[in-house]
């Protein structure tokens, strides 16, 4: 991945938030004043004086994406960027986010610095999942199957019943879990669902994944950190249970007994513009360590 | 609740286990040899030389219920006993259970001791739940709504989304949880799902309930132990989410935004014949403290 | 325990805090204005217009104790009250405390209400500990051995080494821990050290104690809640280790291999004036559940 | 680090275990039968027909070290190996160890395979610690300050009091802990003390360290995984407390208020002969996931 000269900037805004639009307008004017093109989704393009693009096209044609919103807004565009690894700057509409590192007051300065070439990016790994049923891949290629930036989660669908999962890592038998489910999280996702399930906080640029069982029956089934080059394979072993597969919270498949879910590091990363706030500062703030 | 003289014994057996039937036959012969009547479910009554009764009738007409199976088998009959609080002796087909305290080798002696009046019971509290929607109770009276011996659980139904729950205890504001769900467990249930969710192990005869949030977003939302006389009321606050209500793992209702679930100590207890094995011994064995 | 008519009030103040003195002066004037006597420790008695008393005498002669400070100040006087169970009102100098429930702004009103008889108390259990060495009690009767309001803790003294503890509860074998130590906490103490060690939050008036091992080697050694009528006995089993015994954080003895620590519910309780803030409100505030 | 041709093998044995000596004798005969020299500590050299060497010399002169014992025995020799990174084969006298991967029955075959060059090593990082007081290093150079293979631990010395620790990572402010202490663990140490303190299990060859606070006062202070290239600096902030510094369980210094402990990845690694048992198999066995 090589840095592109920045000729166009995509502005992605949280829907239905007046403040986002207001900040967006000023930022758009600033960017156009520097002679660059602004791309935006059709709903807001007019208000921003921007060229209208569908989200997916915007993500792949802009040379920089600026998100005005929260971590959720950033995630929804990040997974569309793909192999081009367009840098993303996240501006949080309130306080700081785990992914949206800049405050509104810092928005214009941050963009100016990027245009001046004065920035670096943190490449965050993603996770891809495929499902094999009776030896064949199922449901591949659908849009929902975009890589996960946070986590791939297998969850029980039949409430009140525990799930039996047989897990392989690096092609070797790893563990048989009896649990509500299993979270496979990137370092980025370690401060999300995996943290609620008892997982550790992982520095965002490490090449690792976290396996965190959800409410495991065996109390010594503690979260595990393994290299991100290991494929993680999960077989649904409960004979009469369905399970659910979600990527970053989007349910993408219903799993049947015998199904195998293969989770691998995604081919592309997400390139976040590095923050002027250290990750430690963000953790202290978001997790209220103060 | 007063002890009944024991004139009839209901034998409840785990389905499809030959060993249960074999032990049951011997036990039935032993009981009938003492001049008592044996009741059993229709499927096995013939093999046991017992009078056939549906489970619910058996539970309420026998003066003692003997379970041959595991904790699940015991639970399924325990919730049918109702106000009569018929004593239940649980015989585990392998090792020890949290509720099925006697081993096969101890079965006949245990029954003999009970017939000699040499026994006490531990009364375990139960939990009842009702759902109020727009000020009216819903779905009350259905058979599935029998009291829970282990736990009442509210769980998210839409995977990948967090649930917002507003909880009152003793009619006072208690906590607003953002979580996968909430477990309200009896001491009996404290070694089940609540333990997997991080809850404490509670001595079985204490008059308390455990509130254990499932994967709470706020890390300081730790499990809480409160008096069992407190009503626990939970309102589904997520505007567009459904949730699920389960009693001892049986799904009894789909909850909608605004629904209020009221959990109260059940009017009747479950009377388990006290074990010759201390609860501590059972914990050491089941939780592998050794 | 019966309520005394209130003729004298002991004012106990956090040392070296100007604000405490200022509030104390006003409160003292208010109390004396109602014709009651004020008792205070010699260091501050002059400034408060109070009769000077040593802390222990004050605790046992006043008909009501008002604490101006934090939970630590309250604890230090609470354990001196003894069998008389003098009611204690805790006024927190900043925000709310787990034990000091009233805010400064509420101080005068709270006292007025108590004088009008419009109050109830929550009786909190205490814990007593004795140490048996070679069959004889050691170090009994020293002043430090006052009952604990929060917890009795056995901790390793030799860092880097794990402690072996054999525990009996209710005279029955309970568990053998390999751990850094063991906390035996009252419900009052459940929000202190025991919480940091993974224990549950327990409603303050329940008749239970929490056993929470500190960094246990066996991961299934989870915190346990048992009736407060059970004696808890702990034997130091590590052959060449010393351990330390602390009551409410005060180190009272060095334990040797073979020593037995017997922890029992104290004969007297601590009578806290009930708060106008519910315990749930205090938990939300102190644990930042908001 | 380059592989040496193996001309001499050091045999290190757990003291006072007859079985170790018995297995050692056979192994020594086997090695000498292949024309190689055997080195051993003076106490057992005679019995083994080996040349006597002090542990430190043995560790640095042998071309391969074979440990007969448990993980503790392996650790005590591993930290003496130093920059030469002599490969170590650990043979466990009972079952499997986290570090002693081979069973007795596999001992001779394992050595034969190593002599045939058919082996790889896993390089495990170590941790070094220095203490700065008033700007000067203290107590450096003493033998106890050998690198830690498992963990560097700062622990309170005054029981019943909480420790205030200000931590920097990668030269940036990281977190202020109020806790019993702080564990800085290697992946190797992640299955030891850090696991008891709530840390994750980390794959042994990852270039990371775990920071796990011990009984932290702030419940959101969860264990953290950071790159091993980050220096971790800890300042004792409690004004009147002493703390203790231990490396792999050996107490090496008493820390005073204001002291700064700097923990860094050691210059040398420990080279363990790779196991024929996968790490996952060892975890399943040792943590009883079965």
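In order of appearance the chains are A, B, C and D, and numbering begins at 1 in each one.
Going forward, contacts are C-beta pairs under 8 Å (C-beta built on N, C-alpha and C of every residue); 3 or more make two chains touch, one makes a residue touch a chain.
Because the structure is predicted, anything quoted here is derived from the model rather than measured.
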Proportion of interface numbers common to subunit B and subunit C (over half same, under half different): same
Cα-superposition angle relating the copies subunit D and subunit A, to nearest 5°: 180
Furthest chain, CA centroid comparison against subunit C: A
Whole-Å separation of chain centres (CA-atom averages), subunit B against subunit C: 36
Distance between the centres, which are taken as Cα means, of subunit B and subunit A, whole angstrom: 41
Touching two or more other chains - residue numbers and ranges from subunit D: 195, 219-220, 222, 287-288
Topology of the chain contact graph, where touching chains are joined (line, ring, star, complete, other): complete
Subunit D contact footprint on subunit B (complex, rising order): 219-220, 222, 288
Interfacial residue positions of subunit C with respect to subunit B in the complex: 169, 172-176, 190, 195, 199-203, 205-206, 208, 210, 218, 220-227, 278, 280-281, 283-284, 287-289
Touch list for subunit A against partner subunit B, complex: 153, 155, 157-161, 179-180, 193, 195-198, 214-217, 219, 244, 246, 248-251, 287
